[in-house]
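I am attaching a structure below and will ask some questions about it afterwards.
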Amino acid sequence: MPTTPSSQSPSETEEKEPLHKRKAAKVDRLAELMGDRSDDGHGAGIWREAFGRMRRSPMAITGAIIVVVFVLVALLSPLIAPYSPTAQTWGSEVFPNRNEFVGPRAENWLGLDHLGRDLFSRMVIGARQTLMVGVVATFVGFLFGALLGGVAGACTVLGGRWGRQIDNVIMRVIDMMLALPSLLLAVTVAALVGPSLTTVMLAVGIAQIPIFARLLRGAMISQGNREYVLAAQAMGVRNHKITLTHILPNSMGPVLVQSTLTLATAIIDAAALSYLGLGNPDANFPEWGTMLSEAQRFLSSAPALAVYPALGIIITALGFTLLGESLREALDPKLRK
Amino acid sequence: MSSSTPLLAVDELSVVFHRRGSGETRAVDGVSFSLEEGRVTGLVGESGCGKSVTSLALMGLLPDRGVKVGGSAVMQLPGGEADLLRISQRRLRDLRGSQMAMIFQDPLSSLNPVVPIGLQVTEILKRHRGMRGAVARKEAADLLYRVGIPDPTRRLNEYPHQLSGGMRQRALIAMAVACKPRLMIADEPTTALDVTIQAQILELLKDLVTEEGTALLMITHDLGVVAGLCDDINVLYAGRAVETAPREPLFADPTHPYTVGLLGSIPRLDAPRGEPLTPVRGSVNDNIAWADGCAFAPRCDHYTMECLQGPPPLVTMENGGDGDGGGDGGGHVHRCVNPIDHAAVADRAVLDSPTVADEVEVEVEGEDEEERG
Amino acid sequence: MLRFIVRRLLQLIPTLGGLSILLFVWLQRLPGGPEYALLPDDATPEQREMLRRSLGLDEPLMVQYLAFLRRIAQGDLGTSLQTSRPVLDEFLLRFPATFELGLTAILIAVVIGLPLGYLAARRRGTILDFAAVGGSLLGICTPVFFLAFILKVVFAEGMGLFPSAFRLAPGITRTDITGFVVLDGVMTREWDVVWDALAHLALPGLALASIPLAVITRMTRASVLEVMQEDYVRTANAKGLNRTTVRTRHVLRNALLPVVTAVGLLTGSLFAGAVLTESVFAFPGIGSFVYIATQERDYPVLTGFILLIATMYVFINLLVDISYSLLDPRVRAQ
């Protein structure tokens, strides 16, 4: 493609070479020089770019390792746990009212709890319950929150006057839910329905609805103001198609980040519900929050009973938070520089 | 003019950014130019060529960490000369705003949104001229009036969002000239403005230079601005000056293919109907390291094997073709192994056509020999 | 300004109205209906029927709802099942304690969080920054009641540095004027009372401050980092202003705007945290009272508490909006 230049060649020998050969040589040389710097990541998608950045972030790596270990333990817990988490096998060795507890030993790696149950098995099985509460609650919050926020956002962007009315009504409801702190909302729901595992998951999940709704709506409105939406409208693309194929996919970033963070919140809120006596009353399914609130009574004589589940909750929540925060940072165009 | 010491002599300025994980980027790679009082010097180039980084380096406004600045920038100051790149941050803070000032590209984001315009003007008067209270406000109002803001006393209490784009830029200029600096840097001051406002702002800058004898460094990608305002022009590409010349010779006889390309890409009203614009193909990202050869080669229609063998040297033109611009002082310098001698002959339409390329080469080569012989 | 406040107040009406409907429906849906909630479990059917009629429960729902609204407007939140006294009186009695605790927590959070977040941003990437970010993430991820227990076990029961329970040491005499212990102590110059009250506030205040502190630190850090990149900060530097002027007038003034909003949004979670913290330290505030109410299913207290929090939240955020508009001229203009 490049045409040949106007100057004379430097040496006699080169000048005698055929023109096309000289052209080929310089094109090759140019390609060689440019090849050195071609892998600078131009044109990669924003998700790929974000993952590239996260791979270099110690925060993200720490978070990812914690989450992976936690999920693996939770999924494989029946295989890992050496004993039944509910069998009071060593009940005769523990006397809480005399401050006699059994610490770590060869057969019980973390010792026994106040009823003579194997603490390690309870921690491992508890991971499973904790993960389930976290995931289901987050899913509930995500599903209903995204639905409300999505409808509100789509109505605002493309619905005209009527759309804004619908958005107004939805947002008033969301505002109302937001006026109640998430934990209290959960307490309300739990107190209303009565304590059970389902209640805990629903209560914690419902409490997260307003955050998801507001996030998705905000992201959709900001996307809706972009020129590409106007362009699509100008070309006569139908509203529902613009929403589903253009606005929604571009607005999901913050919502997905929030899901990761919500998993952490859900685990902590579930623990608080247990502490308030609104947790899962079914003793067959040990859950870290319940274990922690049961162990508070023995905190001065046997702190380990409380410390293990507490550490479990803190580290897991930290893992999800680190992952979510670094994902948010990696996706944030303002912080990318 | 060239015999006297210039107000600011920039020599081999280089700026290298180090970034964790992705190595280093040479944003400015050995730029030299000098600024004279009462003259406007242009730094011209596409975005990413290092022109803004050059200005920030001179002002000492680059981030502290991850940046390495090399070369020298010697400025004549009341107390003797000083190298702006070497003096202490404290000293630099004293100079900024008083001896040298800067005007930025986007006037809205360059003004603090929560502080009234008046305070943003008086704070610089207080800092460098020790003025306070009513005296400072009076002077601030005078400054605003001078840069063409009507009803300045009322404006003092307003916030940036209450002003129009042109007014905001005028306010920024008022802050820049508040202490009568001897050096002023304008970084694309008109890009964010309407065309009609652009002309007014340029006119204002021109007046300030003539009245105060300030040296103005004009950073722009707009050749129209250059033609109307600049006395001397430096064309930057990939962190290096590729062509330096006074205005007339540069426009009459551009020699570097990049300059020719830039000039060719200006839309012209007198062009024949239906003639397409001729942009410089590719983008700034298609380049090679200067150490390997000419960074512009990948986008150049004229490159040869020679262009790819080491950095091209700076060449001073004996006389700039037939459009003799010697009267303006300063030489015509370019950094090209295969300069274009007659921009007029280098008709883009012919050069772009690959089918006749070989014939053209012969033709042009023949002409070259004629001239040189 | 006045128009702005009036408009914001009008916007509150639908929110509070919706909330009252929610509460009304909740009371209807309580196991066995409101008469169960309002009467002890061993009440006879005759008593229930009488209550139903006296409460107007045989009336249409709309009439009942209006009556419910009227009662709320008159400050009648029902009667506590635990103490058989009006819920509002119980709350008012305990309000000063909780207010003191909440204020302590917010003060701790702001006084430590703002400078810490600012320094972390200025020294980005240093040990200090790492510690501030890591510490605040840890603070967010630690269950408040567990932190409260740890503080109590370590600093009160273990080292004996602080009292482990109550608002004042038993046996200390004080003059009661307003119900606010610290304020009364200062007014009457009973410095031993002030000192003792502050010692009692320290640990629960710290526990309650953990989440606001973490949020404010992170928020300030992120905000300062963002503002330091702004063009107007570069302009301020280009004008040669003193570092101090640049940092206060140009960086901090803008960076604190989002933090103000965050503090407002934290009030809600502060009340929830008070329930958890006060119960651990047997602090005699609304939180402890509500904690017992959750154990005892004291529904009128729970309903009243929700109403109280929602009102406080709405009111405090109104204040935040007003102060925000004073701080940011762009909002004022709209």
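The first chain written gets the first letter, and so on, giving A, B and C; residue counts start at 1 in each chain.
Here, a residue touches a chain if its C-beta (ideal position, glycine included) is under 8 Å from a C-beta of that chain, and two chains touch if they have at least 3 such contacts.
Predicted model only: the values in this text are computed from it and were never measured.
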Chains partitioned by contact, subunit C not counted: one piece
Chain occupying the most central position, where position means C-alpha average: A
What's the chain with its C-alpha centre farthest out from subunit C? B
Would you kindly tell me how far, in whole Å, the mean C-alpha position of subunit C lies from that of subunit A? 27
Computed distance of Cα centres, subunit C from subunit B, in Å: 56
Quick one: report the Å distance separating subunit A from subunit B, using the average Cα coordinate of each chain. 47
Listed in rising order, subunit B residues that touch subunit C in their complex are 59, 61, 92-98, 101-102, 104, 106, 109-115, 119, 123-124, 127-128, 159, 161-162, 172, 175
Could you please specify the touching residues of subunit A with respect to subunit B in the complex? 1-10, 14, 19, 22, 25-26, 29-30, 33-34, 36-37, 40, 42, 56
Enumerate the contact residues on subunit C facing subunit A in the complex. 14-15, 18-19, 22, 26, 29-31, 137-138, 140-146, 149, 153, 157, 225-226, 229, 268-269, 271-272, 275-276, 291, 294-295, 297, 299, 302, 305-306, 309-310, 313-314
Contact set on subunit C toward subunit B in their complex: 230-232, 234-243, 245, 249-250, 253-254, 257, 327-330, 333
For subunit B, which residues count as touching subunit A in their complex? 20-22, 285-289, 292-293, 297-298, 300-308, 337-338, 340-341, 346, 351-354, 357-358, 360-361, 364-365, 367-369
